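Presented below is the structure to which this report refers.
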Amino acid sequence: MPRVSFEHITKTYGHLTVLDDLNLAIEDGDFLVLLGPSGCGKTTLLNLLAGLLDVTDGRIVIGDRDVTDLDPKDRGLAMVFQSYALYPTKTVRGNLKFGLVSSKLPADEIERRVAWAAKLLQIEPLLDRKPAQLSGGQRQRVAIGRALVKNVGVFLFDEPLSNLDAKLRTEMRMEIKRLHDELNHTVVYVTHDQIEAMTMATKIAVMNAGVIQQFGTPDEIYERPANLFVAGFIGSPAMNLRKAKLSLANGRTEAIFGSGIRLDVSDYDFSARPEDGAEIIAGLRPEHFGTPDGSVEGAAGVFNVPVQYAERTGPDASAYFRFEDELLALRIDPAIASALAPGQAVSVGFLRGKANLFDARTGQRM
Amino acid sequence: MALRWSRLSPQLALTPALAVTAVAFVGAIGWTIYLSFTRSRRLPEYTIDWSEWGRQYSRLFRDDAWMISLRNLITLGLGSALAIVFGFVLAAMIDKEKRGESLFRTVFLYPLAVSLIVTGAAWRWMFNPDMGIENFLHQIGLTGLNFSWLAHADTAMYGIILASVWQSSGFYMALMLAGLKSINSEIWSAAKLDGVPLWRLYIEIVIPMMKFTFITCAILLSLGVIKAYDVIVAMTNGGPGQSTYVPAYFTIQALSSSGNLGYASAAAVMMLVITAVVFLPLVLLTAWQQRRRAEAVK
Amino acid sequence: MSELTVAQRAAGAEIAIDRAPYFPRRKKMITGRSIAVLVFLSICALFFAVPLYVVVVTSFKTMAQIREGAIFAPPSMWTLEAWDYAWNQACSGINCNGLKVGFWNSVAILFPSLVLSIALSMVTGYALALWNVRWAGPFLFLLFICAFVPFQIIMFPLISMTSTLKVYGSIWGVALVHSVLSMPVLTLIFRNYYKDVPQEILSAAIMDSGSFWRIFFEIIVPMSGNILIVILILQITSVWNDYLIGVTFGGFNAQPMTVNLANLITISTGTVAYNQNMAAALLTAIPPLVIYFLVGKLFVQGITAGAIKG
């Protein structure tokens, strides 16, 4: 199973530059998710890898082959599309076989592979049906099967779950994850859904405006976002990002908010020596707060704030507090949420060692 | 970038069409334009007498038959425009009164399936002065009526217009029906609720909404009129005299009967010019529509 | 007994009141306006139908009855004489072998025209719609213009070219010119149809096979059923009904049926046998009319697509 690397990739359409000198390498067997808002260039990057688009500059290497100028079918890839792109006039079997017949495989090998993929995906009873006679989930399985039978090292997925309903989406997510665990292919998976990214990926590349904002494991992305974009993009409710000033006094490092609330960040792992009085942006995840009006013992800072509203989202709940003319989101126990009345002032502590600090000028992690 | 077979094969597949376009259309048009400046008679002659390169054109505009052709072209165009009006009325009625829709549509459209030579043959027969419809009218006592239009130079064009309208109204009806069907059905309900009378709805809302359909019809009609040939051959053969000459007929006569290649070429070039004049608004309209659509998307 | 029924009735009445009141609707009456519209439409239908009626009855009459002048009267004696004459003996120029000559010529012209024009425009439309060809845009625009060019401007060069190719005056020459002249419009129709094939299906096929022709034959052609039938009907009727190309390129030996018909009805010598003329007209009109009455909807789709896209 090969590694895939993009080297100095540039893609322009006329005067419009979509990707500019992009570099990215993923290891053999990685499940890479390209994550970002629509228009960030992630699908372009995938199509460049597939060979459906031509790079303007740079090269793409799969394994030890430079595939930049190869035809899509010669790159050793298989792809699953958002709309599944099943051939409407062919049966499921015909769809699976279409890509194999041209590769001059012996007929029994083709049959063997089709049977294997059909068994793996539990689509054996559907083999003689046409795509129009299949449900959305079944079509999805056939699309994956069509990729599997090609027996290649690299799989590409282009938002494959976005046309499914919520329940099927969860099911297929697990299915794709299971297939990756079993077969250990290298996968490049494009999505704008951070839950898909967090649950399936071994590596995530967060993209915005044609630039890779951060590349790392899901944990790294979530725990240590590299900049304000990643911090704000990952997590729901989103991370609270508030302006503050650094203060280095009495051997402590503190972030002081406009309203005077202090947050102790002495234990923060700064990448460079912090300066006193530096303008920063503090990122506080909603789930890193203590229980409202609960014990604030050992908290890094305590916020006394009025409740704006609370909402329950199934198994858990979010509460929003008014803080410096903006909303502060907290994830709380649903049992407490119903007890919070709008306007009621509560004090909540923020856990020690959980804050993310960003340079207010550059937006980069400190 | 390296040459790839997958990029090459679609271009190879396009070469026959490209060759056909280049030779049979672009090349042929250029050839005819060139010939129109020569003195070619029965056989092409490729020297241009530069002192008098426009001789075929100046001859053309001194030729009565050509001037008649142009006048008839305008008459035929204006007269055939009735087919658009008629087509719209039929479409509006069929669209509102659903009863018998498919029967009426079938009847109104069948003339389109038939060759214009057949159409011409049928109307030529009905216009027959001795045994045709005029005879029938006289027999039932309407002796004042005259229906032998094709026999007289001043009415022959009207006969051709009548046959053209008969033949093409169904076509415009079909286009208009498609236009009417694309109008949001809620407009009719809204008008009903507001108590707007139907005729006002048509004049103030429906027809303005269908202006592109109307323009399309008008352009198609103009192009059809420029090409009108078969129906003339079948009904009058240009006669009586030269009273039903049109440019298409004139050009072919100049080539096949008079054997005057240079002259026919000049007439053909003039036909192309007329087509371009009609065609230009269509191109501009399409471009404008596309830009509007692109803006609407933004 | 009466008490009981009263009680029952009362109960029944109460139940009836509990339900929503029921107002029987009168059957919808036809309105005055509808009648007026239907009458108007019927008169129009008569205008369209009368010529066909006249042609049909005339073709079954004897010349003797036609000379009496009652054009709308049904034949006093139905006879197939005129039909037989038109089919077997009618003169076209100096040949007096009837319209059957032209009929078989038309049939012979039809098949190569269909195959050539559809094959050429289908492949061209497919390549232009689904493959990234850099010059596709300008080429489409050129085709769009070619679709409107009057025949006369390319008439002499085409005669010259077909003579050079030694096909002038033959079935093949006429078929070739038909294919060339219909190529722009048919290509535009095919291209617009294939434009709606989802791009992802083509991407999938490119990744699976990458072969232009294999994708065409295995994926695209099977998806083209509807448009093929529409184009087939459009092309059959337009080739069959054509006069100008047939008369220009058919010479003496490859004249289609419309040319025979035109020669017959424009004959200027002798008495005009209108019953034969009408029988000949009907013989020429029957094939497209049969298609029209069988699959009229597809026919209409074809001509409107040809007009709007073209």
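Each chain carries a letter (A, B and C) given by its place in the written order, and its residues are counted from 1.
What we mean here is this: a contact is a pair of C-beta atoms (placed from the backbone, for glycine too) under 8 Å apart; a residue touches a chain by one contact, two chains touch by 3 or more.
Owing to the predicted nature of the structure, the values given are computational and were not obtained by experimental measurement.
Minimum number of contact steps separating subunit B from subunit C: 1.
In terms of Cα centroid distance from the overall Cα mean, chain C ranks first. Across all inter-chain contacts, the pair with the most C-beta pairs is B-C. Greatest centre-to-centre distance from subunit C is found for A, with centres as Cα means. One inter-chain figure worth recording: subunit B and subunit C are separated by 17 Å, centre to centre, where each centre is the mean of the chain's CA atoms. If you average the CA atoms of subunit A and of subunit B, the two centres end up 60 Å from each other.
For this pair, subunit A with subunit C, the centres built from the Cα atoms lie 56 Å apart.
The multi-chain contact residues of subunit B, meaning those touching 2 or more other chains, are 6.
Counting partner chains per residue, subunit A has residues 71-72 touching two or more of them. In subunit C, the residues that touch at least two other chains are 206, 210-211. Residues of subunit A touching subunit C in their complex: 47, 50-52, 71-74, 77-79, 81-90, 98-99, 101-102, 146, 150.
For subunit C in complex with subunit B, the touching residues are 34, 37-38, 40-41, 44-45, 47-49, 51-52, 54-55, 58, 66-67, 69-72, 120-121, 123-124, 126-128, 131-133, 139, 142-143, 145-146, 148-158, 160-161, 180-181, 183-184, 187, 206, 210-213, 237, 240-244, 248, 258, 261-262, 265-266, 274, 277-278, 280-282, 284-285, 288-289, 291-293, 296, 299-300, 303-304, 307-308. Contact residues on subunit C toward subunit A in their complex (touch as defined above): 198, 200-201, 203-211, 214, 218-219, 222-223.
Contact residues of subunit B toward subunit C in the complex are 6-7, 9-11, 13-14, 16-18, 20-21, 23-29, 31-32, 35, 44, 90, 93-94, 96-97, 99-100, 103-126, 128, 130-133, 135-136, 139, 166, 169-171, 174-175, 178, 216, 220, 223, 226-227, 229-230, 233-234, 237, 248, 251-252, 255, 261, 264-265, 267-269, 271-272, 275, 279.
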